[in-house]
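For clarity, chains are labelled A, B, C and D in written order, and residue numbers in each chain start from 1.
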């Protein structure tokens, strides 16, 4: 079994403890390939988590050829949930999820100790893997060394495989490529989700981790086909909350090498995707969910509902691409 | 009594409730002018909050002509503390603080509801005012409207006066000037701390809020004299953890109009300040505290200790300006 | 024949004049598909243009299956050449270029009038098309409207087809997608070179201009395969000055749909490409040219030669990918 | 006489040549202190330089207590003028300028050799000093070393004193502070104009060059008072084209230590200044000039005239501060 090289002092005892009870082989068996919606969290009028609506959404998602679901990603408004709410939603998803589907839960906090603790709670609540966001508040000090230490400690202690999560648009921080390559050697780190959209970087991550059975997931539907093209194995895509079947179909076309058909479909997805992510964010995602038969509803404050003009813009982005 | 104008629907009932029990006059009596160290949080070797060392620091700070202390600011590693730890530190500071000194506590969370709740806990723990960081995870949606809603709700519900807190280097977000001006009209918002260092903006905030008894605090020692020059009333300065007397002296010179002397002192403080903030961050602040007789110690992970080269650089920045 | 819609007043007289002497059909016949090196400019020890070395490079490039050459792109240090030198190099390339190869010349200046004049000179010197950089000094005022006006006027007056040139790393400006789409309707604008590397944007440009016979060229070798995948027709790649045959082979594999082989080759090119562009720039490109049998040599000041450490880094990026 | 230390090889022969014919004492006699408008360039309807209108503006400026004029700064649309036009405008200003007023001419080009040549032409045309913009196209390679080499060579060869010119909003590049400090030792570099508005940086430049008789000029009216406060000697302010007397009055109040009055005046100038610079740029500057009795007129393309809404916004920024 290959071990992570230490940059400074990577807590060898902790890693040793890990090795006694886990194996690279076990972690490696976790095949991440496929499409995942990072599910939205419906709220009641009083801004409480609406478990009934959540379950109705989950029931619909269960009919789709997703590889699994991501819970407590950015689109789930996880920074607005208490830890208790976060864990409870994971439990609810676990109960509703058909056998054979993966549950990947966000567990990244600012401090290493809190991340370790939340990771353990997520595993106990039924997560098959955890998706760990880069800590980012002290950006100026979050260099490759600090991030390698952080992720190594989390992976050493996690009962389930760890997926790195890089989303510079929210964090203002890009997980350095060298750190990703280094961390890919850790037996309990099985892949990464990259939402930055830099296709050159994604290709290079695939290239430099090819001996490690390290799996790269595209973090947005806008570059999903290009990511498959350069070697990604799947995608965690906000738009899958709305157009889930279509994204699974795009994946199928890429896997079959039917690139011409894939391209036509991919191109129709770029603008709706931009609308529910970069341009108008979670409120737009939830509005679009309503149009397509899911429960979206309002966001928690301070996220504001769309203005009338924004709603109209959102409708145009879907309609002009033939989705509405 | 003047009321905040609504941008959309600013919860008039909540504001009405506020008005029954508070008054602009009461909030206005809170004079913020002066120097505040945003205190660091000492940890034990096991990364637990070290209350003994904290108290020894507080004992020393009590001898200095500070206006008060800021607790749970960025330099206190507040994102790495649990809520219980955050509140407990505020309680400890309250107990140790001499009468007449202000205690300003950080209470900003990502969601409005969590911020309201933590604000209430901070007030109950003894805070005289709360310093509320801009929520920033969903940067793309945190426009003036969302931030005005957020701060208005928090201020409506807060038992103590609210100070806006803008620190773009950490949040990747600049609280729009128009939002600051609008919020300055709220009877329970008494000022702002601006750490961006844009002196033109600071001058303009002073200018456009001059009819509101709104108080501006410089968020860093590097531009403290310039901020006084354009109308700020004080400063919340990381460097005050290390060179507290000197910053109070700088304030005194500015207040007396002894600008030539002030300039000489200010200039010697720029490099040490940059070293413990923008350049090397909290680990450097804590290292420098050790050199000047305070307890700094290690940070919580993932913040790493300074390398030998960084420590040497830090020493040079203090030494070349005559402080070591 | 389709005409460009006007945003404000797009000089209809000038466009009318253009229409009398040109036709969309003529411009459309210019097929841009293929690989182009944006050639470097060799200098003598005294920093004069070294025409002998230039011709020796051109002789070698003539043996390669390039679609053509780009002259006076960023890698040609065009901002460091006088206008006379710029035009003279174009003339020299024209003389040396085998029949059937395209000569695309940079002609972008800050002012519209200077761009029009240089465009005419480039056409007279033998350019088959011009590549027009976005004007960028007054970034804050270069919105879509200003850029549409600029490019429309240039295209109206140009004797040869115009290719838009977007390179945000140098200009600090991204040509708005809406402006590209609008300009794609102009009969004398046949395509764009996009060096930003945002594959989502490239896919969207292809999508939204698909009725216009508008051709997209990737501006860097790092995302060449992904660009082909989403619909680009070729690439203008600095690395083609060094590994020209390999980039033409990558293009061939993409065109044949041999994506697996393409991916292996693409991945080996990412690091060498980053080294001669984003990381170490033109001095590295010229150094690498020397290693591969071309004349690179020194840059004009203020561009500095590589340090020894940088040269070593450059060598590693090529060697670790099997090129040295 | 003190010499510049070399970073790599700073052309000692050239510097030696300089030393034979110049002296630090001579350069040092050039006192830069005071206010300078960076004059706008009026054009005719056909976009030619309108020398008659220029002279009428100059006649009015001659009545004001300016220290001198800056010609071919950013506000003069210098990147849109040919070299011949640039030099001719300098000649015209020289002829019109009353004795005792300084003429500072922009002479920065991308290449070192072109900058040296234009510097000589500007001196021959009557410039008392040259203002040299940072070269910026190859941003990634314009580190401290390259910029020190560039400025040293220019200063070695210039017949008149050199002023460094840092304007990151246009160039996307910040001249490193260490480079400024190093260059301050050159006998023919007498100061810098800093338009970035970072008051901490300005204070630090003053501090670290205090033994060098190095003069710092604020590059914008928005932070003029704060700049005086931390040790600047004057300002090159776009707004001086419009409110010249008021800026000279602000300078007078600062020099007399009448800070309270200065603050009131400074604060009324921030919004009009932002409007004619950062917010709306040169077209707004020229529009405001018309309102205040000067010839502004249109800009060269691709700079567009203000829209009706922008003109209204501009008027409001002046009117709400009592200037219209």
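The rule is simple: contacts are C-beta pairs under 8 Å (C-beta built on N, C-alpha and C of every residue); 3 or more make two chains touch, one makes a residue touch a chain.
Keep in mind it's a predicted model, so treat the numbers as computed, not measured.
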{"item": "Chain B and chain A - chains in contact with each", "value": "none"}
{"item": "Chain whose mean Cα position lies farthest from chain A", "value": "D"}
{"item": "Pair in A-C, C-D or B-D that repeats A-B, with over half of contact pairs matching by residue number", "value": "C-D"}
{"item": "Inter-chain centre distance, chain B versus chain C - centres from mean C-alpha coordinates, in Å", "value": "50"}
{"item": "Between chain D and chain C, distance of the C-alpha-averaged centres to the nearest whole Å", "value": "34"}
{"item": "Set of chain D residues in contact with two or more other chains", "value": "none"}
{"item": "Pairwise touch network: line, ring, star, complete, or other", "value": "ring"}
{"item": "Pairs of chains satisfying the touch condition", "value": "A-B, A-C, B-D, C-D"}
{"item": "Chain D contact footprint on chain C (complex, rising order)", "value": "8, 47, 74, 79-80, 82, 110-114, 135, 137-142, 145-147, 149-150, 153, 169-170, 172, 278-283, 300-304"}
{"item": "Parts of chain D lying in touch with chain B, wherever the complex brings them together", "value": "197-200, 203-204, 206-207, 220, 222-223, 225-226, 229-231, 257, 259, 263, 266-268, 270-271, 274"}
